[in-house]
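Shared between the two complexes below is chain A, which pairs with chain B and chain C, respectively.
On to the complex of A and B.
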């Protein structure tokens, strides 16, 4: 493999990896705080893309302004999901698989509401940073890809800052470590769940706006991205924030190499095979220590 | 439990029930409804397997459509390319599905919760992508067409009515076997693994063997159902076996009550009919469908088949038997 080839696959894999990482962070954050899987995460991406499309392309709002309105709007939807769905499920102490089904119900509702509102056609979202590639040697860098990487990484740093240095972030980490002990220390665990859902939805929304110019905006775009984000989060180790970021980039790179080197049709199959093998070797994810349950 | 108490009246009920079932194709003349009822039977088989795996053994699978697809394609290809009879092909399809179930169980043995979900999702997707991309054998996205109809002693099973009998005899057998399994030592071991794997292991239960066999059993059910699905619909294409279909099976299992074998039937009937009944809503159909999923997940933690004690509780409350009510609440709490 020549050096240029490797660079080419890197350049292809990193931006999509950043998107996966953002979605994976959402899964991981919610799992860390509430200990559940939220299957409506992918549809937050879709809602972000659609609301952004509405504001930026239809209403002609500035891209940054559209981003700043979309993100809190979708965060509110995430909060609603936690308040309405998760709290009622918790109150009845349902098994975890019921949370999966409940949030899947939310996902189906979101998807079809979007279908009812925006119709079945794929919408074109023009890139706010233009589409003229920068050429370095034989390499072509698209401005949107660079934009995704910069904004994505900035958001990840922001999240780390939030978790490490703010009061709410510290509370969230405490809940992640030991929910019972945290609640005994007077931390409002419900608030921390709400926060985790809101932050996850917000990151999903940003991922949605960022990925919209790469693919078309459709009502069912959330399903695929949501699944990939989930896979990335699991491979990185659910509940592990740096793991989710690593898992996202790892998945993006595997896909890029698999589609370039082996076959684009088998791209996802190869990615899944690699991931299952990884889980076989490291059952708690690539970046987690194996903790064997003992009595 | 019922078995030991069965007296003449319950026997009569059972016979009456069977008689009613046998008359269904003569009562329901509408071929479309009969088609749906047949589909329900096929889904029910998959969900029975899923209940053994998810409800009894506690291993969540979101890749059941993969086994279903393997069953459909294996038997269809064997019948089309080698000219085997449906029965032999189904048998081989079940074996192939079981082998795949064992293969996926090997990584799954070490995984729990979300990690297991990911592995099974991955398995389902891998199978689907192989079906899409292995064009020389599977004909890719177009799928297999003109899958021959099964025949029995020269009688070709091709009409909805004859398929009804084929499918429901298999479903009845499937339910019978599953109930026997769930009431046996194997079933109790499955439940022990679900409740506390570590405790089961420390009691000397070979948990790995039982987990692998739970995967194999669920794969066999899905494989046989797939084989019948291929012949029944005459076509098998990859988009009938997507992640969404796996999710659909899981929803049927949870809504019917994954900890009961009959729950599989209740779940597949409910979801299929709900989805059909909502057809008049057109655009809003799936929104309502999602809302129903959400509400059942919230309001019925044990699924529809778990609603029995709740109904009894209410009826006793109306009759003023508060003593029993307390008992039931207590037993429900223990369930959790």
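On to the complex of A and C.
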């Protein structure tokens, strides 16, 4: 493989990998804190894309402003999901699988609401940074891709800082590591779950608004991206925060190689085959040995 | 004074406590002894609010704790060192101690307590940058106690602090409990090691099948033939 080839695959794989990583972080954060899977994570991406589309493309709001409104709005929806589904089911001491089914219900409701509000047609979201690529040799760098990488990585760094250095972030890590001991410290473990849902939805929303210019915005876009994000989280080790980031980029690169080397039609099939192989060889996730730390 | 009045509790419908009454006097060490399954741990869990009693009262500073959440009980000055240590394995020793002070805001006071904890357990100072999961069992126990002390509790509940430790470390743990008492703190101790517990306790209670069946000073209970029968669980 020539050097240019490798660069080509990196340029194609890393931006979408950053998106997968953001979605995967959402799954892992909630799994770490509350111990449940949130199947509405992909639809937070869709809601982020649609609300961003509404504010930016329909109402003509500045893109950054649209982003700053969309993200907390979707975070609030995430908090609502925690309150309505997780908390109320937990009060009745339902098994965790009921919560998972509950979040699946939320996903379907979100999809149908989006269909009712924005209709069945795919909507075009023009890139706020333009679509004229920068050419270096045979390589073409699209501004939106660079924008995704910068914003995505900034958000990941922000999350790490939050978990490592803030009072609430540390509390979330404590809950993830030992829920009972965390409550003995006086930590409100329910509030930590709410925070995890809010942060996950916020990251989903940013992923949605970033990916919108690459694909069309549709009411059912959450299903595919949600599944990819989930796979990335599992590959990195569910509940493992650095693992989710690694898993996301890994999945993006595998897809890029698969579509470049073989055929874009087989992209998903090849990517998932590789993932099954990885889980077969390393059941605890690709990064189980490198980073033992979960959250 | 912390007082339990006829506390009953159930786990999944089975009654585990069927009437525990005891009082914990300030500045003293109170020990609860009894066989496996007598309800010792459950009693502590009821006090700290992890388990809600089905009947009875837990009175502390003119309040009934049975209606409060764990975080409010911790705020009111009670902390528990859980059985099996439960340190945060991926956090450093230093971060674990910070978590103990989670509800406190006065940085100056927190610093003072931190240096006191390091005085009590010099090994924690040496290991302060290490993650808690890499510590030995004895060190983890010390960290669990140190972390609990970081919340500046008036009452320290300790659940089987000597369990699984080498004999030399057991002596050290009991020595530390005695030192904690000397700073004016109140200790409620649950132990399988009844001889050790009663030897440092000012007052003791014997639990059997979820009932307080005996009480007395540490020495009284030690010389009681009933006690021998109860804690051996015959």
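Quick notes on this structure:
Note that in this section the second predicted complex is superposed on the first by the 288 of 295 C-alpha atoms of A that agree within 3 Å, B and C clash if a C-alpha of one lies under 4 Å from a C-alpha of the other, contacts with A are read in each partner's own complex, and residues count from 1 in each chain.
One rule holds for everything that comes next: a contact is a pair of C-beta atoms (placed from the backbone, for glycine too) under 8 Å apart; a residue touches a chain by one contact, two chains touch by 3 or more.
Computed from a predicted model, the values in this text were never measured in an experiment.
Touched residues of chain A, counted separately for chain B and chain C, are more numerous for B.
Once chain A of one complex is fitted onto chain A of the other, the partner contacts of A:187 are limited to chain C, with no touch recorded for chain B. Using the contact criterion defined above for the overlaid structures, shared-chain residue A:272 touches chain B, although it does not reach chain C. Within the superposed three-chain model, A:123 lies out of touch with both chain B and chain C [touch as defined at top]. By the touch criterion stated above, A:238 is placed in contact with chain B alone, chain C being left untouched.
Touched by chain B in one complex and by chain C in the other are residues 293, 295 of chain A.
Interface residues of chain A facing chain C in the complex, by the touch rule stated above, are 167, 170-171, 173-174, 177-178, 180-188, 292-295.
Within the complex formed with chain A, the chain B residues making contact are 54, 60, 106-107, 110-115, 117-119, 121-123, 125-126, 129-130, 132-133, 198, 202, 243-244, 247, 250-251, 254-255, 258, 283-287, 289-299, 301, 336.
Of all residues in chain C, only 48, 50, 69-71, 74-75, 79-80, 82, 86-91, 95, 98-100, 102-103, 131, 133, 147-148, 151 touch chain A in the complex they form.
Chain A meets chain B in the complex at residues 31, 37, 85, 88-89, 92-102, 104-109, 111-113, 115-116, 223, 227, 230-231, 234-235, 238, 263, 265-266, 268-269, 272-273, 275-277, 279-280, 283-285, 293, 295.
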